[in-house]
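Note that subunit A is present in both complexes that follow, paired respectively with subunit B and with subunit C.
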Partner chain A sequence: MSLDTRPADRPASTRAATERPRVTARRVALRRLVGTGLVALVVGWSLVRSLSTDGALVNTGGLRLLGRLLAAVGDPATSPDFLRIVLDAALTTVVYAALGTAGALVIGVAGALVLSDATWRHPPGRVVGAIRLVLRGMLVGVRAIHELIWALLFVSVLGLDPLVAVLAIAVPFGAQTAKVFAEILDAAPRHPVSAMRASGARSAAALAYGLVPAAIPLLLSYAFYRFECAIRSAVVLGVVGVGGLGQEMVLSLQSRNWDEVWTLVAAVVVLSGVVDVWSSKVRGDLAVVSCSDWSGGSTGTPRGNRSSWARWSAVFAAVGLVAAWFASGVSWAGLVSARTRELTVRLVDDLLPPALPPGGWSVLGGATLDTLAMAVLAMVVAVGVTLVVGPLATRVRPVGTDEGAARLTRAPRLVGRVGARGVLLVLRSVPPTVWAALALLVLFPGVLPGAVALGLYTGGILGRLVAEAWESMDTRPRDALRAAGVRSGLAALVAVLPPSSHQLVTYTLYRFEICVRDTAIVGVVGAAGLGRLFAENLSVFRFSAVTTLLLASFAVSAASEVLGRRIRRAISA
Partner chain B sequence: MTPSLPRRHVLIGSVGVLALAACGADETASPAAEAGDGTGGTLVISAIPDQDPEKLGRLYPALAALLADATGLEVTYQPVTDYPAVVRGFEVGDIGLSWMGGLTGVQARSRVPGARAIAQRDIDADFHSVFIANTAAGIAPFTDAAGLTALAGHSFTFGSETSTSGRLMPQYFMEQGGLAVADLKGEPGFSGSHDATVEAVASGSFEVGAVNEQVWKAAQEAGEVDLSEVVELWRTPGYADYHWLARPDLDERLGEGTTQRITDALLALDAADPRDAEVLDLFGATTFVPTENANYDQIESVAEELGLLA
Partner chain C sequence: MTAAGPAVRLTGATRRFGDRTAVDAVDLTIHQGERVALLGPSGAGKSTLLALLNASLRPTSGTVEVLGADLATLTGPALRVVQRRVGTIGQRLDLVDQVRVLHNVNAGRLGRWSTGRSLLALALPRPDPVVVSALEAVGLGWAVHERTERLSGGERQRVAIARLLVQDPELVLADEPVSSLDPSRASEVLGLLRAATPDGTLVVSLHQPELARRHCTRAIGLQQGRVVLDRPADELDDALLAELYALT
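So, the complex of A and B:
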């Protein structure tokens, strides 16, 4: 946490855009000081909040179980029967992820057609404007609720239908996709479509041939990114009991069959690793864009070169999707059956009107603060992981002058890098629910185990994002300094530290927004915060309180998203 | 702009795939719809996962086979991973007959009016929880609820959150005995099942735990877990617990008299018959006996008192 360009930059830099006051070194230092102070304050508060329970925090008795679990790592379950179960579960997870992504794309395309300005022939009138406003609000609301929570709600209406997993991924991902797709379409060059319209082409044709071709690389790139995320979500959703690797993990953890847990962890890591590599290759070929860009509202630029890898991947994905559909046995019948209609009416009836959970405002407020403290501490853990593992995972471009030295250190560096990337892959592939189950072995339920679990998981993601950003950093300033005779350590400090810490801060803020939403997952398995309260009330079917908790989670994630995005935009200005 | 031929291919390709997928939807709709109905000619049974999944996996398929033979119905067992999910499955109709705990049964009946408790084990009318401790905790056995105050300052785990014998009644007796949850060391854990509680206490992960007496006895007999460091502190007074709960629409879906036939089949399980005896043994019972909804009124009022009912 010491490399800081801190959020306090914001007010000054917005002002800079308008009146450009002189930015002195002292001013910059002051801003950073204030920013660092604010962050320290927030982190300090979170620590105090998580540590100041009346009782004990660390359950020393659990260490023995944890030891037993770790001891089983060398002896994973490998009986053919169990491996068959694992393979089946892995296929189920892939199928859910693929169909969920496909559903998200359908929702995304439909939403983007309405939300994008580029798709309308005339500037939209008041009616369309009103529809859009409502739609935007709905999309924000939908994606502020975690997939797992959606799954729990869908289960109440559909039962244990595979459709639950597909919809729980498709709905929130679709809302996110609609927003990003609309931005991509709006950023695409407008002249071709205007020209076609002017020459009398019908709307659909004008869009299909004038607008979509320019946007396709970015659209596809985002689609693959979504699939990558969907794999992880599909694993997490296993907790609900709809099948896949996540459910097998829960079952093995429940039975304390540690050898099986390790086999499943290995399966999840391999699956997630393969999809990550495939997807980043496709995305890299298609467009220059990162996950943070997607969420920050910038859409990246398509690459000019055509990649056969990306093309074949798209074809493969399309064929795979059809296969997935038939393999899954998912049917829409559950959506339109009379029973579903009846149960939906009943659920809505149960959910309304909202009421406070038992304990009233103090319980609700306390859980909200717990959620925030958990997210902040999780980010502290994640940044810690990133600072330790990130530099090792980054490919350092050697400076021109000491090629020999670079060659000498190449092998150990390579080993270090592969190892570090492996660690990050494991951290982000194992679902946070499983991290939480492990944390709960040695920590009493509360904010702390949730923060540790989420922090490890987020660390895996943040470390990767930041390492990739560091790799693409411009090293010319450093090289120039060194060429001018500055000592290498100093050159790196001056030329590399500021931009790399800036990237770390940007991505940390981005992941913080997601982390707030993710607290729901660890809450469901028994940590603390709004997610915990949600699970408690849902398990006794107190739906009116569930509604209140949904609204509170929505408010918290929307607020953190708005705040996070503002700060990010300000410091990138 | 770069040439757009491949893009167009991709575009046309994806439209084609969507069309295919749409056709697929129509073709697969009907058979899956029947399966989705859950009980289209089939009786789906389930149970709260109060023990290790593999034990449930031995017990319930065996029982399903017995029920199928006795009633002529097709009977399948649907494994479920947590307590509320069983109630939800029962509510939406995916599960027609379910082995419920006292509390989950009350919850399910409030969600499904007309659902009926049809049978319980001989041991369920007067069921007990047991407080167990790791010897390292240094707590001596006691003889009444007031003795529970000795647990203050020790770490403690319940079973599942909506377990009757692993949470509801233990918490009730703790309040009766004058021990507040806040007096414990740290927050209480929720192990998820009785087997998990036994192992958590045996390994010292939690110093004290509350388990259902039948699972505790079975664990002692099975000897799979090293219990040399576990002491039984106190056996609670009795209360009514587990039972088979049937949906009100079983007769309508599976034919007149189905509920009665299932009830008869359960009550007819005979410890003298080796096949029946095996299942009864896994249940920790010698026979099933009739029961009725009113037997769980006490559970309902306790649950209400502890805020575990909506």
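So, the complex of A and C:
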């Protein structure tokens, strides 16, 4: 008689372990070779596709304009009237971002309560299971469509209402937040809640006492991270015409008031820099989690100590939200008016059934391939930016033994780091719409300008993510090698290169998935791909084609997400 | 307190996890006021049996009657009414680390509080006499506003007992409450548990026969989900225990 049946499981697991194919050096080398070959193939194809246009690539006339723009950098517009406009626009952007984030949090909390297992007393039954499956599918669909596309759809129903900007941020961000919040809740220990329920507590009370306190640091931390992203989105949405810094930028670019462009760039960089610094301080106090964790899809660990900085920030955010609500003049009235209802019905009616855009499958297929090529080339640019700027932006922890040497090189390193971070900040704060407008001055519309614009923007984000990941990397192997007398350059090469290149690859793949989605932005301003086709068809109210394009974008981003996740898992295994 | 009648009555109570039977056709009656020691080797089903008694698990078959109510047929508010009369200290204590001690103690009263009152007490913490006297009874009067994760293992255990005191249950279930304590501390904790339900019923799983003899009136031995031993606690002897824990 055995006391326990557990030991019986053991042979099975040992068998599984031995059956796993052994990783040999040759296998690793082969895998790398095949991987590198595939990447080279895909990049080569994208390059060929982007370069094979009928006409010229470079617009020599635009070069002069770009020269004038660059010449104006020393002389930004500073007239009081214009500064007032900039300040107004900046406020509008902040208000949109704040209200959009708040909306996303409401959607996120509601969605997470349904999606998380931790909030249910019993394992959900068939009905709840079905509801959750449908909800999950809807959220994936909502997330796959870019904020800008949402904004365009909302504009066609609501007109140029501030509500458009708020909803365009709240809806897709809310879908993402619901997913992350559900993961956070599920990662928290569940037994206190079950214990409270077992002593007769009601569900809401048990969750408030048992689950929320454990999850709140991570939930708040994520909320602040979302606000950072929302600021950038609110700027991008300006191109639709709902106001804010993004709209002013587009206007100044169109009227070629280069001095104004620089003032606005400075405003955007300062705003986004301040929010980034504030938010990362709060997040650092609340939980051990970095941007790269949030975007890489892992939840961090809450910090034990209470931070008054974080608490005051939360209070400030709450007060700010109320102020933003009143300042914005956003009202729900537009949402429920008879006109909106009528237009919504008509829009839905127009959207269905889907039909091919003019030109048929070949145009649709061409645009899809353009979108992919653009995303690939954008990532090439972004990785280039990261490789050049990233190492400079990374704080290298000095080795304990040679303090003196570290002090000697400290000042120039600091200057380099601040400069590099500034470059990354500028790259990611200036919206891709503006990068695209600049690229379109010099390059004729097509895949290439879109890829350059998106690549510069993504480079700013990827560079920050990777630098952050590099900073938190374990340096003990390097220090151990140095202590063993290995020369410092060699030690760094051997101990630091493999893990840091691994991180670069992981985040590049992850950002690629987002980049595919982001091609919509540069498409809308005229580069190429599905986004451009979308904007063209929407502007002539060909809604049945719009539906097809939405479906195609969804398919492309879903496919790239699945593929990306596969590859990331294969690499980390 | 409700009319006399058994505090617990199991008839053919069975609980399976997949193809593993954790509690196997147990027939058992525990009368009010009895203090029962639950003994048995690891995996014998002690925790599962206790979970059946506070309805955090339902039996796969058979019935579980607790304080006169058939737990399998009850749901929602009717079930909560029974559950709030049953207090549990789990193997992991089930405290929330991130909140003040006060809230962990108040968690014992959530069954009697409305949702609004519960949330208010969480938002505006105010130590009322019930909480303070419960914490003083376990020697933690100073810790009302302390963060729970700062407390030591023994202090955390006494917070869990204070939670039980404010719940004021008629049936106390304790799952290995003294497994990590030295002998004199262990006896002290069992004394506190007895005080938590002066004339109620106590079911406690233990591995120490001398504590069972000292604090309990009845000893029940489980092996592979079956009751294999059931006699007055003072009849426990080394031979019986050797047989119960034997690795046969």
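In the analysis below, the second predicted complex is superposed on the first by the 544 of 573 C-alpha atoms of A that agree within 3 Å, B and C clash if a C-alpha of one lies under 4 Å from a C-alpha of the other, contacts with A are read in each partner's own complex, and residues count from 1 in each chain.
The rule is simple: a contact is a pair of C-beta atoms (placed from the backbone, for glycine too) under 8 Å apart; a residue touches a chain by one contact, two chains touch by 3 or more.
In this text the structure is predicted, and so the values were computed from the model without any measurement.
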| item | value |
| --- | --- |
| Subunit B versus subunit C as contact partner of A:388, first or second or both or neither | neither |
| Which superposed partner A:198 touches (first subunit B, second subunit C, both, neither) | second |
| Partner chain(s) touched by A:73 [first = subunit B, second = subunit C, both, neither] | neither |
| First (subunit B), second (subunit C), both or neither touched by A:206 | second |
| First, second, both or neither for A:497, with subunit B first and subunit C second | neither |
| Comparing the two partners subunit B and subunit C, which touches a greater set of residues in subunit A | B |
| Subunit B versus subunit C as contact partner of A:551, first or second or both or neither | neither |
| Contacts of A:214 with subunit B and subunit C, given as first, second, both or neither | both |
| Residues of subunit A that lie at the interface with subunit B and also at the interface with subunit C | 192, 208, 213-214, 216, 304 |
| Subunit A-touching residues of subunit C, taken from the complex the two chains share | 20, 41-44, 51, 54-56, 80-88, 90, 92, 94-99, 103, 106-108, 110-113, 115, 118-119, 122, 149, 167, 169, 224, 247-248 |
| Footprint of subunit C on subunit A - complex, ascending | 1, 3-6, 191-192, 194-202, 204-206, 208-210, 213-214, 216, 302, 304 |
| Touch list for subunit B against partner subunit A, complex | 1-4, 6-11, 13-14, 16-18, 20-21, 24-25, 28-30, 32-33, 35-38, 49, 52-54, 78, 80-85, 87-89, 91-94, 107, 110-111, 134, 155, 161-162, 182, 184-190, 192-193, 195-196, 199-200, 203-207, 307-310 |
| Subunit B-facing residues of subunit A, complex | 53-57, 59, 61-62, 64-65, 68, 102, 106, 155-161, 192, 208, 212-214, 216, 220, 239-241, 247, 250-251, 254-256, 304, 306, 311, 314-315, 318-319, 321-322, 325-326, 329-334, 337, 339, 343, 358, 440-441, 444-446, 526, 536, 538-543 |
